[in-house]
Each structure stands twice: as C-alpha cells, then as structure tokens.
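The letters A, B, C and D name the chains in turn, as written, and every chain counts its residues from 1.
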Amino acid sequence: MRRNFWLAMVTASMIAVSIAIFGVFLLLSVNVGQVMQNIAGNVEIAVFLEDRADTNSVLSAIKGLSGVAEYTFVSREQGLLDFGQTLGEKDLFLVLAGENNPLPNMFRVRTLDATLVPAMADALRKVRGVEAVDYGEDLVAQLLNMTRWLNSMFLAISLFLGLGAMLLIVTIIRLSVMARQEEIGVMKYLGASNWYIRLPFILEGATMGLLGSLIATLSLGAVYFRLTSNLQNGVLPFLFRPVTEVAALWPIFAFLLLLGFFLGIIGSLLSVRKYLREVRRTA
Amino acid sequence: MRRNFWLAMVTASMIAVSIAIFGVFLLLSVNVGQVMQNIAGNVEIAVFLEDRADTNSVLSAIKGLSGVAEYTFVSREQGLLDFGQTLGEKDLFLVLAGENNPLPNMFRVRTLDATLVPAMADALRKVRGVEAVDYGEDLVAQLLNMTRWLNSMFLAISLFLGLGAMLLIVTIIRLSVMARQEEIGVMKYLGASNWYIRLPFILEGATMGLLGSLIATLSLGAVYFRLTSNLQNGVLPFLFRPVTEVAALWPIFAFLLLLGFFLGIIGSLLSVRKYLREVRRTA
Amino acid sequence: MIEFVEVTKQYPGSKVPALNNVSLQIQRGEFVFLVGSSGAGKSTMLRLLFREYLPSSGNILFLGRDSAKMRPRELLKHRRRIGMVFQDFRLLKQKTVFENVAFALEVVGRSPQEIRLEVPIALAEVGLLDRAKAFPGELSGGEQQRVGIARAIVRKPTIILADEPTGNVDPENAWQLMELFTQINRTGTTVIIATHASDVVDRLRKRVIALEKGRIVRDEKRGVYGYES
Amino acid sequence: MIEFVEVTKQYPGSKVPALNNVSLQIQRGEFVFLVGSSGAGKSTMLRLLFREYLPSSGNILFLGRDSAKMRPRELLKHRRRIGMVFQDFRLLKQKTVFENVAFALEVVGRSPQEIRLEVPIALAEVGLLDRAKAFPGELSGGEQQRVGIARAIVRKPTIILADEPTGNVDPENAWQLMELFTQINRTGTTVIIATHASDVVDRLRKRVIALEKGRIVRDEKRGVYGYES
C-alpha cells in the first residue's frame, strides 16, 4: 500500500513536470503568435506626397486599393509637431515652422495583413502625386522572419514535448503496473473479469493524471501571470507584450488539464492490456 | 536483459529532459545577467553646458569625480551633425548650422556601474557651468528593476528545477533498482561484497546520467546557438542581444554534463544502499 | 466431465514435449492423484485443465466444450468453477492471509457479509485462523501453502486442482489436508491432486494416473504411488 | 562449530516467539535433520544460522564468534562458507539455470575456467545438466528446487543449510538428493537439513533435532522423524 502510494506520487509529479514543460512551450508559441499579429497590425506604410500633389486624387487611389485596413492623412504641419514631440524639444522646431518646414504631406496606411505590405508599397509608389513610400522594409521582413521561425520552432518543440510527455506518462504508469504484474496474474487466475482488474488501474491513472496536470496548470498559471503582469508594466515595447487575456488562455489550461486526465487513463489501459492477454496455442 | 535496457533508456531520457529544462533556465538567467551588464555599460549621462561655460573647468570637475569610466566632449557643431545623422536627413539641418544652432556643448559621461548613475548625475548638476544633466531616469530604473527581478526569478526557478531534477533522477534510478531488488537480495545471500553489488548499478547510473546529460547538452546547445544566431542578426536592440561567446557558455554545458554524471552515480548509490542494509537485532 | 483427446503440449523452445499424446477421461466427483517423477508433466496437465495454457495439439473438453474455443466470458466462468492450488502458492505479498483468501470471493462479486462468514471457515479448515492478520512474508513455508489451499476451497468450486499441496507440510498436517480434500470430494466436488506424497497415495487408494516423460504409463481405479504394490 | 546459547527469536508484531530459549551445539562434520510440524521454527533456525536475522535474545556462535558481533567482512566470509538451499528457491528469473549456479561462483570472484568446469558438475549431481539453458520459469517445481541445491553445493561450502530441499521432488529423486548430501557430508562438510520427509529421516538414522512451537523437544544422535519408533 505504502509503496503504491509513493509510486503514485512519483507518477503524478512526473506527469506534472511533463505537462508543465509542454505548457511552457504552448504558451511561448501563443505569445509568439501574438507578437506576429502585433507586427502585422502595426506595420505602417508612410506615403510621402509631392509638394504640389492633389491630396484628394491620392486619397481616392488609396481607397481603391484592396487590403487597406486604415489610413490617416498627416499634414506637413502636423508632421512637424509630431516630430518635435518625438524628440522632446518642442521649441527647437519652431524655427522650422511655416515656409521653413522641410516635411512633405503624407498618408499613413495600414494593411489588413503584414504580408501584404511589400506589394501594397509597390502599388502606392505608382500612384500619381506620390513622391516616396517607406515602411522600414528590413525591420518588417526581419521581424516577420524571426517570429515565423520562432513560432514554428516552439510549435515543433511543444509537439515533440507533448509526444514525449505522453510516452513518459505511459511509461511510468507501465512501471507502476509492472510492479503489480503478479497481482494482476493472480486476479486473472481467480476469475476476475477484465474490467474488474482494469478499473482500479484506470481510476489510479485518472487520479494521477488529473492530480499531475492540476499541479502543472496551477503552477504554470501562477508563474505565467506573475511574469506577464511584471512585463506588462515593464519596458517591453508594445510589439512584444505577452498575451494576458484570460479568454485567450483558458482553453490552453483546460487542454493541459484534460490531457493529463486522458493520458492517465489511456496509459493505464495500455499498460494493463499486456497482462490481461490470454495465452495462444503456441505458448 | 531486455527489460533492463528499456528501463535504462527511459531513465536516460528522463535525465535528459530534466537536465535540459534546468539548462534552459540557467541559460535564461545568464542572458538576463548579460542584459543587466549591457544596461550598466550603456547608461550615459548627458551633461549640457551653459552657453558661456568654461569647458576646461567642467572637464577637470568631471575628472575629479570618482566612479567615472569614460567621458567624451561633444561640441555643439558635432552634436548637430550627429543629430542630423540620427534622423537620416542631413541637408535638413544645414539651415541650423552656425548661429542658428540651437544645441549646447556637452559631455557624455559613462560610469563604472549603472547603480552609480543617479548619484553621479546629482554631483554633475552642482558643477559650475553645467546647465542640465539627463540620463533617462525612468528607463534605466525600469530596466534595472525588471532585469533584477527576472534574474532572481530565473535563478530561483533553475535552483528549484535543479533540485527537482535531482529528485526525479534519484527516484527513477530507485525504481530501476527496485525492479532488481530480488537480484540484490540473492547476491547478498551468496556472499557478494557490497562493492560487487553496487558496481553494476553505479556503472549503469553513471552511463545513464552521462548519456542523458549528453543528449540534453547537445540538443540544448544546438537549439540555443540556432536561436541566438537568428536573434543576433535580428531586430533585437543591442541591450537584449543574447550571450553567444563560447568562453562564457562552455562552463554551463560542462556543469550540466557533470551534473548528470554525478547524479547518476549518487542516485544509484542512494538507491542501492537500502537493499544492502543488514537486519538489526529487532528484525 | 473432463476429457483429454490426444493432447500434446510442447513448450516453445524445448525439444521434448511436456505432455505427449495424452488421452483420458475424468468423471464428475472423481478423486484423482497425478503422480510421476519431477518434470513428468503433472503441473503441465493441471495448467492445461485450468486453461493457463492451450495444448499444442489435441483437444481438452470440459463438459463437452473445447478449451481452445472458449470465449472470454466462458473462460471466466470456467476459472470460477475451479479452485486451483498452485505449486508456487501465488499469494499476494501486500495482502494479509485473510485478504488473500477473501480476494477469491471479492473477485467474483460476493458480498462483504458472505466474505466475513466464509473466509474464517476456510482458514479454520487449514488450521490457520490464528494467522489471519499476518502477511505471506511472515508465514512459514507450510503456512503459506495452506493459505493457498484455503483460497482454493473458499469458493466451494466444482473442481479442485491442487499442485503439490502438501510439499511444504509435515506428514501430520499433510494427512489433515488430504482428509479435507476427501471430505470436499464426498460432497460431489471433483478433486485432482498432483503429488509426491507416496504414503498418502498408497493409503487412500484413489484413482492414480502416473505420468512418465509426458506419457500416461498407468491409470488405476484404486491405485498406489509406485509399482511395488 | 555452531553453538546456540538460550536463543529466542521473536518476529516483530507476533506474540509468540518463533524460537524459544533454544540451546544446542553442532560439531564440525555433523549431519543434522531439523524436524517439526509446520511453523515449528525450522526455517527460522536456519535463517539465524545464515545470519539473515539476528536473535532477539541469546547468542549464536560460529567457531566461537558471536553472530551479532560480526563485522561486514566477517559476515561475507561467513556467508561464503555456507551453501544455503532456500525453501522458496530464490532463483533469478532473468538468468538461465547455468547462470544461476555460476552466479554463486562469480560473486566470490572465481575464474571463468573454474566456472565452466564446476557448474556442469554440480548440475549433473542434481540431474539437470540437460536443462542448463532453460530459465527458472521454464522448469517444473522439482527442477527449480534442484537448481537451488546445485547452487548451494557448487562452492563446496563447509556448511550446507538446506530448507525443505526435497519438498517438490518425487521420492526417488529425494533419495538421490539425500544420497548427494550424505556423500558431501562424508568429505567433512557439516550438513543441516530441515525436512518433512519422514521416511528419509527414519531410514538414514542421523542426528535429529525436533522442534515444537519454537522449543527443542528432542535431540537424538541416531534419531527418527516421529515418536513412533
């Protein structure tokens, strides 16, 4: 009895560890996905107009393009003000006001999807009255590349770990069943039905799985929310802010919980099966 | 034989997983430490001089302060040039040259240690001829705070996980020893010396530990270098660049390797001990 | 009730068959001793009857039903009809003597009341009522063997298969146990015992089936252990 | 050689002692039968001799040395002097018959040549040479028992302790094994056998120590199994 209890505790904590690790990478993947969305939602194309361009004709050209999510007109005066504000020295730029203003009028355009940006920029360059188009080509390309790479890596790792966790759990349960192999044999010989033999193992597996994944999700949740609330008020640029909406996260935690539960049950079923098999004619 | 082999593989892979996780957090901690150092090494105090200040007297005042690592004089002309370059529109600022230049002369001062910055700034404010002192108070304070917090958290987690890994490894080895408990008993009764009995378990433990930690360090290293080389050429601001010098990293990997090795040995010794014990008078 | 039709059992990896072309019939209510030297095939025969194994060739019929054709439910029913005493006891180490015997009843869904009533009776019959709370590891060899017997008889089976049930027991105890088996046999239970206890066999004068190297060499209604008599 | 001085052994948790104030002496080269009903304390006595347990009170002396005072190295030497046949065999399931017997030699550091020479001899003596490659799970009960005996004698110990060594063996085999023990005894080996084989004891007429409920009730130089004779 005591030995079984101890074994069950070991199993539960192993399940907890495996599921927690799996969960860490799932959360990482979700966050990288979020970063990708942030980037997509924040790439702006700056469309600089010629000094004498017809603002309205450019505007209707922009309206005519598909894939535009949002656009704003920024007059050269507004541009100068914004610029001054960014640099934090307002009065420094008063000298540049009026005729001295070196900035052109411009539109800021956002696309529905970050991947549309390059094509959109090309299209805008061809519009009459547009002098230059800029969207920080390198930055966007790099960010997208990196996040895509990270996302696929984290997903791959979490799939890999998820599989590993499954094998681990099944293995541990198998060890625990192996330790009771003799008992199963005796039960079988005493004429116990297969379900009578299986039931305690399934209950044990389910309990251990649930316990383990409960520990995992609770501690993972605690650490994650602690961490993100600190980062949220921190210095990370907006693009890298972590996902914190409970609505987006609870399916993950629920999934982890159910995963442990079902792995416990499936592991038990698989492990017991071997010892329930009756002999064939050859053996 | 086959069963033992299978058990050994499970143990080795469990060791691999535990050590890899432990290693992940160690690496995270090292990287956060690096970020802290980067911040420390990059906080600059901008000392703006009054229009008619005596540059040399300010200079000697700066030289007289303790904790100064480096300083540069930036003339107002140089300042305008730099500014123009930062904004990427050189000719835009030509109008500001000469008498129109709104910038003051200044010194950039670096301290030996980021924590010295606030006191140093105060001291500089009191120097004759200094108009204003600026070092981005909020940003530095936040960055330091966050990295300190992250660093202690990652260290705590890695200690916790290290302990967990140790327990896990010892437990698994104990399971594998338990499965051979009968064999140990028979050996004991046949008059095998304790070292004769222990040796195969120690060898097995050492092999499994080494194998596990080898897998862990190799895959950890591969993923880490793949990841960092992608980040290195990527978009992260200099401050957040990961540690990549082999000189700084190999002790960590060596430590992980040795950890697995010794845990394997210690785990085996601890696990076997129980079954080697002779009975007391009471039993 | 039981019929062996040209049964051969060859264990995988061994060259000579453990049972070689054995045919026999055992009627309901018979009392049969299975004798033969070490390795003759006695345990193999009992294990085939218990359907722990299937024969390599030939057929074993229980109440006309071929053992090889039993479906899972039938197999359960079959095993529940049998009280088996294993040569190596097969007690559960983590259960007490009482629990080990009770287990045979629990497994077939008997009520706790019944268990509380029947288990002490069975234990008393093998003389172990006072050791009910002990674990198998705390028993002497003979005591463990008797727990195995108590577990086999507690369900009042229609067939008792006992493999060397008195090997670890002193002659006096052996006699008491054989007395118990004959008594159970008198109530209509078929009893088949593999044994080396020559004096018991010689004195009881029941049906004796003698095996030698997997073949039946003798089958006598009121037989003895050896050839001498 | 062996001396029990007022030895009592009470297992933890049991009320009555398994051995109760037992005193006796056994000389080098003696052949002793330990008899008594099931649970009388025979195995307990052998296990105390083997120093698997220590007595609860009293002292056991081997060659004048108190078993309770043996240091680890002495204990090793002590166990290496003894060939023990366990009532429950204690064979290693994952090793073949040959390996099980060879293990007793390996453990004390004998050379592979010696092992290749000695193991087949021991196996032949118990009549199991042809089963050398089998695993214990593939042997009959009596065959397993004889492997245990082969393992005990292969080291040519100075003392043989055998717990019910013929319980699973037919009378003919039992005789052969007893023959083997007396033969080994003739070369000067002390032999102590706990047994229920009354006919063997009666016919060999060796020293018989009879236990009853943990006490010595009889100790005769040329004794018999029961009181009858």
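Everything that follows uses one rule, which is that contacts are C-beta pairs under 8 Å (C-beta built on N, C-alpha and C of every residue); 3 or more make two chains touch, one makes a residue touch a chain.
Bear in mind the structure is a predicted one, so any value in this text is a computation, not a measurement.
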- [ ] Show which chains lie in contact with subunit C and also with subunit D.
- [x] none
Open item on the list: Need the graph distance between subunit A and subunit B over the touch network, please.
Closed with: 1
Open item on the list: With centres defined by CA atoms only, which chain is the most remote from subunit A?
Closed with: D
- [ ] Go ahead and name the chain pair joined by the largest number of contacting C-beta pairs.
- [x] C-D
- [ ] Take the average of all CA coordinates in subunit A, do the same for subunit C, and state the distance between these two points in whole angstrom.
- [x] 64
Open item on the list: Need the CA-centroid distance for the pair subunit B / subunit C, whole Å please.
Closed with: 69
TODO: Please categorise the chain-chain contact pattern as a line, ring, star, complete graph or other.
DONE: ring
Task: Interchain pairs in contact, sorted by label - done: A-B, A-C, B-D, C-D
- [ ] Would you mind writing out the residues of subunit C in touch with subunit A in their complex?
- [x] 12, 50, 52-56, 68, 72, 75-77, 79-80, 84, 86, 90-94, 103-104, 107-108, 151
Task: subunit B residues touching subunit A - in the complex, by the definition given at the top - done: 7, 10, 13-14, 17-18, 21, 89, 92, 95-96, 100, 102, 139, 142-143, 146, 149, 153, 157, 164, 168, 171, 175, 178-179, 223, 227, 230-231, 234-235
Open item on the list: Quick check: in the complex, which residue numbers of subunit A touch subunit C?
Closed with: 1, 3-4, 182-183, 185-187, 189-194, 196, 278-283
Task: subunit D-facing residues of subunit C, complex - done: 11, 13-14, 35-39, 42-43, 87-88, 134, 138-143, 146, 163-164, 167-174, 196, 198-199, 225-226
